[in-house]
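The next part holds the structures, each set out as structure tokens.
Presented sequentially are two complexes of chain A, the first with chain B as partner and the second with chain C.
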Partner chain A sequence: MIKALLRIVARRLFAIVPVFAVVTVLVFAALRILPVDPAQMSLPPSATIEQVEAKREEMGLNKPIWQQYALWARRAVAGDLGESAQYRMPTAKGVLERLPATIELAMCALVFAVVVGVAGGILLFTVRGTALESLGMALTSVVMALPDFLLALLFILVFGVMLPLFPVNGRLDPGLEVPSHTGFLLLDSLLTGDVSIVASAISHIALPVMALGLAFSPTIVRVLHSSLINTYQQSYIRQARLRGLSDREILFGQALKNAILPVVILVGTQFGGLFGGTLLVEMIFSFPGLGNLMVKAMQTADLSVIMAIALIYCAVTLLFNSLADAAAYLLNPKLRTA
Partner chain B sequence: MKDIDRRLFMKLAGAAGCALVLRPDLSFAGEIDNISIAWMTDPVTWDPNQRLSPDPQSILKTVFDQPLDQTPDLTLVPSVVTEWKLADDGLSLHVKLRDDVKFSDGTRLTAEDFAYTYHQRFVKGDQVDLVVGFGVVSDIEVISPTEAVMRFSKPFPTAAQWLAFSASYIVSKAYAEKVGIQGMQTNPMGSGPYMLKEYKRDSRIVLTRRDDYWGEKPSIKQLTFEIIPDPTARLAALESGTVDIAMELSIRDVKRLQKSGNFNAIANPIARIIYVTIRADGTFADRNIRLAAAHAVDKKLLSKAFFGGEAATIDFPTVPGMPGSPKNSSFAYDPAKSKELLAASGYSTDKPVTLSMATTNGQFPGDYDMARAIVTMWEKVGIKANLTVITEAQWYELNASGKLPDASLFVWENGTGDPELFTGHMFNEEMPFATYRTPEVTARVKPLFSEPNYEKRIKGYEELNAYLIDEGAIIPLVQAIQTIGYRKGPTLTPWANGGIGPFAIKSA
Partner chain C sequence: MMRIWSWLSDPGLVIGGAIAGLVLACAVCAPWLAPYHPNDQDLLYILAPPVWAPDGAAEHLLGTDSLGRDTLSRLIFGARTAMEVAVAASFGAMALGAVLAHLAGYFGGRVDWLISRLVEIWLSFPPVVLSMLLIIGLGVGTDKVILAIVLVDWTRFCRVLRSEVQVVRGQDYVSFARLVGFAHMRVIVREIFPATLPMLITLFSLQMGISVVVEAILSFVAMGVPADVPAWGQMIADARINMFDAPWGLALPILAIFVTVLSFNLFGDGLRRVLDPRHRANGHV
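And now, the complex of A and B:
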């Protein structure tokens, strides 16, 4: 089974490559359509028309777009994503500096969303047929209607100002230093063994994680709730009851492992949306990740940075889709025999 | 002029508020251990000469010294440079420097560092925005460690003003040669009152006071800038006690804080103007239409609607009190006159003149809504404007290529206190910022760029500003405001240009 699983994963990952290539073409073309002239933006205001033309020639902007793309792709494969017009440093350096923060935020938010979503889905299922179920469904509807950035602002107001339980910006309290071993602050904090540092890191990431995760969890609640209802209509559940298994044993021992499958697929396919949500949430919480960088890049038309971050978001989405497929394969025996 | 990033050059206006360090007068008892300020953006680079962007200037000024400084009314005063004299022909500037200034590594700041900053950096090809103002420097003669002569390839009457402007900070030649430009971007070492202690990009900047600083020692031992781009989050940081001061809040929040018991807030007028640019060709080639458009805009209403009445209305492309502002002259809101002027050109509300207008959306608070309000005001007199949204970057490109719509709502800043950076740059058709381009205006503005006599030059700008308004060449609207919220206890004295710095915080 492991071999088959690895084969599935390898096939999925291999399939990402052409999809990713198509996305790079689309993003590249879209950025070139924007009415922004990179040559003119990189020259002094006093540049003459001749100087602008010379710069365009130097940047290859007069070449056919497919040649421009080929030039970009060749450099990108070698790790050169161009230079940031805003920061005047290699784009790759700036992007890689911020990537761990966003990955950490997204993964923590995902874990939060799954824990809350699964717990909520089970809870809602256990009170099915009662007024509490209706109340729960209404609550999930309300939370689903709130976009993550609005949740972020609400959390700042409630937990940052009215009940100042959490800090509202940054990643650590002033004065705390964490040596970077893994690039992920939470892990590096744990490695210090200093409880105050760990507590500080957790308290700073709490609100952004909750804002991002809570926006995603109602969907998990509803899908799991619905999936459990469907699962409980299967004959093996009736048989389990006849065998004398308790409700708890049936739910956690029999039904959940089948009912969870749609949730796994959902998480994999929707993770891209959660990852994209980091854009505004990071900006609101001044969390120094890719989202913050992307907002600035869009404001200043820093095309190489926009391109690099767009592609990272794309790659993460594709990767998670593939992992979701692999997880589904692992969890669903029917897929293995198909 | 060396190559620089054009978008950064365009940000030089922001220096109006930020290039000049705000010196709020926060009074505390004794020394203060730490003051935390919620700030809008990260400096992006610690090379102080690299960017003209307005926002980081206040932060850079804590670590680096400028040759000259400014008072609240933008008068130049000595700093590292104690004396300066512009030659009668404007082709050189003789400067004398202090002999007691040290960089934070203990080395002495000399005229060699001055020469390196304002000339040698450009010669060796460093990509720095400082070249925008000082690209005309052809040589700097170092006479002694405390004396030098800047020589210019053409008359540079505003050389002294530019020495107190954005990106104008003296860097250490030895340090720059040791660490290179990349090192300077990440590890600052200056002669200013503070040293960088902690820097987390896009998150936090912590600065500690230098006890060996040559000048007046600030009361604040440690300055912390919390980088918080979102204004709601900045307000929350203030209200939760995370920070002591929060910059650039919404006017609604300012009003609320002013009524609260625990906080104060101010709306500080700064040297930045919001205005409508006009093209000299197309629909606006007709002077009647230009003046009709100008008379139709109710600026007081715009100030009330979008700035809570705190923004002063302006009739000239400058801010009140700045040199070059015509005296005893104004321009009336008069929609009846607008209709009259349009009728003279054959237009009316039934037969409106059509034109195109562009606006940004988010470049400054309320920009899009303000543009829509102006379009509505114009409709009432017989001008139908088709509004489109563009980005700030697009504005510069369209303007440079002559493709900007007939009118556009924009913002312009000037931290020099000199009209050259307002009217001069906005109307010199040899510069890419000019929108209203005519031979007549160019003939009036160009000589002012090389007029070495200050009084004569300022008089020239006064007359030019009056002419421009008479011709309807621009529609100035309001002077921008900078909003600051701060916790109660200290008093905050507004500064003319919206930076913020430690020196006005003194022991009670």
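And now, the complex of A and C:
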């Protein structure tokens, strides 16, 4: 059983590889079409034409594009993602430094979205047929019309300007210092054992997490709500009722386990939306993660950074999709035989 | 007649349709509705609050921005930009997605494999990342924003419609059409396309809302329409700098985007309820 499951997960992960390879080709080609000379950009403006030409030679820009790609791929596999024209440092280093912040933000937001979404879905289902259900549905429509970056701005307006409850900038209060062990600030601040540092870290990440998570949650609410309604039309629910199980036992013991499957699939396929949302939300909250770096790199055409971050976003999205696929597989025995 | 009556009894459809129609009307009639030219600067009123606030002035009903430009006029012209982009982009995404979905769903086999892999590759990009990457490649401009949205969001149509086409293709009347000797093209256009049209219209309305958001995102990060074209995202970006002094400047364009997206979502959900036979069979909930 365990072996079979591992095989399923491994197969899903393996299926990513060709897709990701095509993605790297596409991103590489898209960025090479640009009327920007990476060689010139990586040198100071005072560089002579000879120096630029030498740099072009060094970067392989005079070769045909497929050879450039091969060169890039070979270096990338070895961990060399080029040099950031804007920061004059290895791209890989700059990107890896900021990766944990974004992962931390996205994961907290996902947990927030799932908790709010599942609780909301169950709540909405338990009041089915009443006016409260229509009210709840209307509420999901309202939140669905507020994408993450608008929620972020609204939160700043409400909790930052009108009644300043939360900080709206960065990851920590100025002056606080946390030694980096894992790169994940929440973990690192817990390791310090200092309550004020932990509180500062949590209060800084609260609004970005809520903006990203809340934007995703109404979709979960709706999917779970309709999935529960479908599940309750199955005969085993009626049988459970005949056996004298209470409403609570039926819902949490029987129905939810089956009704959650579409939610798992939804989270897998829609995770890219939440993850991509970090771009703007990080920028709005000056949160020093990948998304913030990406927006800056895009505005300054810092090609190697754009390429690296775009590929990380794609890789994480793909990884998440296939893990959700595998989880759906685990939850639903019917899929296993297919 | 019965049908129209049931349409009018769906509150989401009516309210959503009414507001969406109003936004579209604002967009079309912007030059006549707006009290000022959107880029005119009134240096006597800089960061003026709306008329209901303590220092509000009747000259500028919704106040002005940091350059003294009339917020109401910019909102109305912003609606024009948003609708121009949303209609064109949603239509383009629908056309591209629908054609590929019909080809994939109808022919199956290698065509289906190829188009499905294409969708799979596209879906591995977070949509925001892909649209910004495309803008970097294409450059800034209203037409570029439209093209970027088309190239990102065709998958939304393709994925849903492909399985719809597969279902329709299995119907007896489609097989009969083939047996009678209709060419593939004719079967797709005359027999299958009409059956997927209700779904297409619903998705179009939902895509309108998505396009409005993407346009706002791109102009918010200065990667959207040119700087002299008023856009809601750009108004947000401008107002963010002065949000402590002039919170209304930030709140109003957010409200405009929210109301517009909400109306198209309500309209789309309403359309789904009245057009989808599976929903109709269940009756109104």
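Just so it is clear, the second predicted complex is superposed on the first by the 318 of 338 C-alpha atoms of A that agree within 3 Å, B and C clash if a C-alpha of one lies under 4 Å from a C-alpha of the other, contacts with A are read in each partner's own complex, and residues count from 1 in each chain.
We take it that a residue touches a chain if its C-beta (ideal position, glycine included) is under 8 Å from a C-beta of that chain, and two chains touch if they have at least 3 such contacts.
Only a predicted model underlies this, so the values are computations on that prediction, with no experimental measurement involved.
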item	value
When chain B and chain C are modelled together on chain A, clash or fit	clash
Touching partner for A:M89 - first (chain B), second (chain C), both, neither	first
Which superposed partner A:S286 touches (first chain B, second chain C, both, neither)	first
First (chain B), second (chain C), both or neither touched by A:V198	neither
First, second, both or neither for A:V267, with chain B first and chain C second	neither
Contacts of A:F275 with chain B and chain C, given as first, second, both or neither	second
Which superposed partner A:G170 touches (first chain B, second chain C, both, neither)	first
Touched partner set for A:V27, first chain B, second chain C, both or neither	second
Which of chain B and chain C A:V295 touches, first, second, both or neither	both
Chain B versus chain C as contact partner of A:L153, first or second or both or neither	both
Where chain A meets both chain C and chain B, residue numbers	153, 156-157, 161, 283-284, 295, 299, 301
Parts of chain C lying in touch with chain A, wherever the complex brings them together	12, 117, 120-121, 123-129, 132-134, 136-137, 209, 213, 216-217, 220-223, 236, 240, 243-244, 247, 250-251, 254, 257-259, 261-262, 265-266, 269
List of chain B residues in touch with chain A within their complex	1-7, 9-10, 36, 38, 41, 44-45, 50, 127, 131-132, 182, 185, 198, 200-204, 206, 224, 226-230, 232-233, 236-237, 239-242, 362, 391-394, 396-397, 400-401, 431-433
Residues of chain A touching chain C in the complex	19-20, 22-23, 26-27, 30-31, 33-34, 141-142, 144-147, 149-150, 153-154, 156-157, 161-162, 269, 272-273, 275-277, 279-280, 283-284, 294-295, 298-299, 301, 306, 310, 313-314, 317-318, 321
Contact set on chain A toward chain B in their complex	35-37, 40-47, 85-89, 97-98, 153, 156-157, 160-161, 164, 167-172, 174-175, 177, 283-288, 292-293, 295-296, 299-301
